[in-house]
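Taking it in order: structure first as structure tokens, then the write-up.
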Amino acid sequence: MSATGHVWNRRQTNRNERLARASGVLGNSLEGKLLPAARIADLLYAVIESGDRVCLEGNNQKQADFLSKALAGLDPARVHDLHMLFSVLALPEHLDVFEKGIASKLDFSFSGPQAGRLAKLASAGKLNIGAIHTYLELFGRYFVDLTPRVALVAAQAADRHGNLYTGPNTEDTPAIVEATTFSSGIVIAQVNEIVDVLPRIDIPADWVSFVTKAPTPHYIEPLFTRDPAQISEIQVLMAMMAIKGIYAEYEVQRLNHGIGFDTAAIELILPTYGASLGLRGKICKHWALNPHPALIPAIEAGFVESVHSFGSELGMEDYIRARPDIFFIGPDGSMRSNRAFSQTAGHYACDMFIGSTLQIDLQGNSSTATLGRIAGFGGAPNMGADARGRRHASPAWLKAGQQARAGKNAIPRGQKLVVQTVETFREHMQPAFVDRLDAWLLAEQANMPIPPVMIYGDDVTHILTEEGIANLLLCRTEEEREQAIRGVAGYTPVGLARDKRMVENLRDRGIIRRAEDMGIDKRLATRDLLAAKNMKDLVRASGGLYNPPKRFRNW
Amino acid sequence: MSWQLLADDLFPQGHSITEKADFLSGTAQVDGEVVAIVGTTGHTPIGIEIALSQAQAILQTVRDHPGRAIVILVDTQGQRLRHRDEMLGINSYMAHLGKCIDLARREGHKIIGLVYDQALSGGFITSGLMADACYALPNATIRVMGLPAMARITKVPEERLVELAKSNPVFAPGPENYHRMGGVAEIWSGDLAARLAQALAAADGTDRRAAVGLQRGGRNWSQRVVDAVVSGSDVQPL
Amino acid sequence: MTSSYLEANARERIAQMLDAGSFEEFLPPSKRIVSPHLGQLDAPVSFDDGVVVGRGALNGAKVFAAAQEGGFMGGAVGEVHGAKLVGLLKRAVQEQAEGVILLLETGGVRLHEANAGLIAVSEVMRAVLDTRAAGIPVIVLVGGSNGCFGGMGIVARCANAIIMSEEGRLAMSGPEVIETANGVEEFDSRDRALVWRTTGGKHRYLLGDCHGIVADDTAAFREAVTQTLQGFKNNPTALSLQALEAEQAMLEQRIARFGDVADPLEIWQRLGIDKPQDIAMLEAAAFMSLAEPHRVKGQA
Amino acid sequence: METLNYRFENGTRKLSAKAELVGVVSSGNLEVLIESADLQGACSIEIKTAARGFGAIWEAVIGDFNKRWQLADTRISINDMGATPAVVSLRLDQAVESVVEEK
């Protein structure tokens, strides 16, 4: 006890009480930190207190699915009002805890697969959303004001001491465990197997409180696998414009790609179209990227020098292992990913982000929010935002900065290239360009303080559609910016309402560029340009090392 | 309806049909002649075994009893929907049955099909529909898919389908629709034995279903399109 | 233009299969012989009703050919579509073609005109056998992304020979239909590896239901068709009691040998293939030579 | 289904005599049948589309198409299954390129 009489170790004491309850209840069935899966509910009752902040590890890839089910199976009379923290709210059980009254508050980053149900539960008053974050923002808050009391995480394997091996899908585990352990919290890990000797240690045992072997291996979602067979000739044309009109123009060497087919098309024509323009060694050398199978041909063609990953991708394990110069590999030979570091790399160390979206407004704000779905952000806003804290220069960064600042009385500074690539209409003739984002309505509907914008218009530097590229860096007035956007918005109502004279003027000034302005022959935009046209071609390109998940095969 | 009752009506001069695991085979007397009987019962799904049993019976008739007429009795819920059947190539078993019937026809056997209960899609295609002519009893069920299921898949409201089915026989279940389209030669009632005898007398090896469909107004395009392709001319107006 | 058979559409396939410029289409799109039934159900029509039929040359030989368009209603057979196939086969007989080539890609009967489709498929079946009886070989090609299913899977097996790519599938009921009827445990339609080893070209070849596997390449298909047609020169094409008894024996033996097997991999193992799991990744030529000593050889 | 008709007079470019079909009536796609026809120098376009209510967009797409090519005595017939304007424009151009006479 200190001189002032203040107690300074309440959290430690509380942690010890929880651990004592656990050992009391579990007794002999606890072997060190290992407990049988059948006793998981007893453990959770012992170490979780009502009102706790509980971080449940849901990632883009691996899921602590056994612990999710266990938590959702608790009696709300005994455990309630939990405040749940998720990077990715992916499984039905993640929402069951709210529906059953076990949890009541939610902070998260991304909820793609559960977006519809989340919106329903929110409007039914079953949960309060604190905020929707980006990954880095949420991780940051784990160390400030959203520190978990209990973390439920997943790993590939543990040894008998409780050391964890995450395998290539390390993802968010280090960030979550570090925040929890070093604030006197409790960390429970589900693992696929208990072994005598781990291939490597990703999380040391003294950061882990309990380990259990789940009855079935944790679920992994192959989120970044795009079957080249589904890429359209329009997407090939847009990929050609991206490479010739942006990558080559700015000599983009360090970059991040979004998840969609548009960017997969770019990856797949690097070895064909990109090479024909003499761009090998000049563009696309360093990546912050999940190991996209679609990148294999570009890696094999010698375009790529390094890839650091947020998480791994199912089926890429052997290929990654055989390309240790490209990927970040542990001494054991398997990859280590880390979402926090890769997001940092994407934000500060990359010169370009290119990704797709669902809606863009006249200011260039883009959003994936649609009515009745609260989908969150994930990592795109961190990648797709100028890093105002960046201080190192590169040709691409400098050129973008010069274009933005030319003619203004401003000190020299660079800017990140943030490219939105969209077809003017999505499926079912939904226009990608709108006067007002659905995000506004969603904000009203779900009582959000601000509309959920994925990438703010003032961060967007280029908009690429099948009609051409609008370079917003070169626009000098709000009006020019709006007409530049309309000028690539095709036959959407926004595009049809363009001022034709002004758009032609923007084209003369190179602010809007059509395929023909870039010297691109549209007739060459066929699927024949794709270095791999189907999944099997990707396997071939990998020398048989890539092993796609069953659902992506047609052999 | 039970095949035994049917057989009594159909073959008053006697028969020796036996049932083994829903497979029917044997002989019967029609107008003093012996005819071979092959068929199925119990709404059985047509899997690889029963397709092969039927084929075997037909081949045996061709080999051992040249010229003997064959009557195929149809009652099936359709092809068997199992992974094992697909793995072993159920389409080959079905095709084999169809080819055996076709061989019999070319070897001079008259072949009559009779849908006495159910005939659903794939189970029907290589049996009754491969005969010289196929007949049906008035209460028989013939269809590819029921209207509720069709409404779900085509997203056309069921009421609309019911309405359309009144004038167009092309998708709705029922022997009358197949009759109008030429797929069923006649719907039998009354003295079944006499009907069968007439059918056997009339049977020949020419596929006239498209022409009959045109004649009856239930399938107006098929024959005209065939003729146009064969003759290299335009499709003739109705 | 793409060389991939899978990616080409029906018109491109038929153009690349035959001697350049030799194809003459019967009832071409400009005749607008569309389905009279689809409009009634507010469904779109196609000017060729999803099948291209006509006459052309293959290395100078007079052949008749049809190609189903898998993109239009899954290549399904309706009244007009079926009648075009029947007409083609009849005309091939009338003009004494040297062969008929059917490029099939279809889910079977078109639901919107199901009764007409069902009858039409049986008419096509009989017309195929009439063509064979007239001494004209009928060759079926299967290599489109929709495979060859339903009644047309039966029609395919009424032809003299079937040539497939490993991407091609030949079966009766689609995996989704089986899963819907009998559950995901019966057939997991999302397990595409299982779908392909159950219905795909390689399995069909090993079992004796298909007569050649080629790479997914229109030139490879053309070459295989050329060779197959050569093989039928001066050889019988019609059904015979002897051939059907041999097929009966083959199909009986198939059940006896493999009737208790749950997964095609086990069938391949029983056929004497050492590492059946490696079959999936083999390219066409390597697969053909590995399969040769083990496969069942069928013909009827 | 919805049917739309357009006609542009006084075209300048004629087709070679044959008819061509490009594209396929599949989801998000369309077929374009292009034929020469005696239309007193006009180009007529008939569209049957499964996506109702997009007449204004079709009009703009077809208008731009006409400006690009200025076809004379040409009959174009389209069966559409919800193709986007980008795909429509691409198919129309492919159709013309397959039959247009060299200048």
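Note that the chains take the letters A, B, C and D in the order they are written out, and that residue 1 is the start of every chain.
One rule holds in what follows: contacts are C-beta pairs under 8 Å (C-beta built on N, C-alpha and C of every residue); 3 or more make two chains touch, one makes a residue touch a chain.
All values derive from a computational prediction rather than experimental measurement.
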Legend entry - Higher-contact pair (C-beta pairs counted), B-C versus A-C: B-C
Inset, instruction - Going by C-alpha centroids, which chain is farthest from chain C? Tell me that one. - result: A
Legend entry - Most central chain, Cα average position: C
Inset, instruction - Please report how many Å separate the Cα centroid of chain B from that of chain C, as a whole number. - result: 24
Inset, instruction - Could you tell me the distance, in whole angstrom, between the mean C-alpha positions of chain A and chain D? - result: 42
Inset, instruction - Please report how many Å separate the Cα centroid of chain A from that of chain B, as a whole number. - result: 58
Legend entry - Chains grouped in pairs wherever the two touch, ordered by label: A-C, A-D, B-C, C-D
Inset, instruction - Write out the stretch or stretches of chain A touching chain D in their complex. - result: 232-234, 423-425, 427-429, 466-467, 490-491, 496, 522-523
Inset, instruction - Would you tell me which residues of chain C are touching chain D in their complex? - result: 9-11, 28-30, 32, 39, 42-48, 69, 71-72
Legend entry - Contacting residues of chain B [partner chain C, same complex]: 48-49, 52, 55-56, 59, 62-63, 79, 81-96, 98-100, 102-103, 106-107, 121-122, 124-126, 129-130, 143-145, 150, 153-154, 156, 161, 164, 168-172, 177-178, 181-183, 207, 209-210, 213, 219-230, 232, 234-235
Inset, instruction - Provide the residue numbers of chain A that touch chain C in the complex, in ascending order. - result: 229, 526-528, 533-534, 539, 544, 550-555
Legend entry - chain C - residues contacting chain A, complex: 2, 4, 6-7, 145, 166-167, 190-194, 196, 200, 202, 280-281
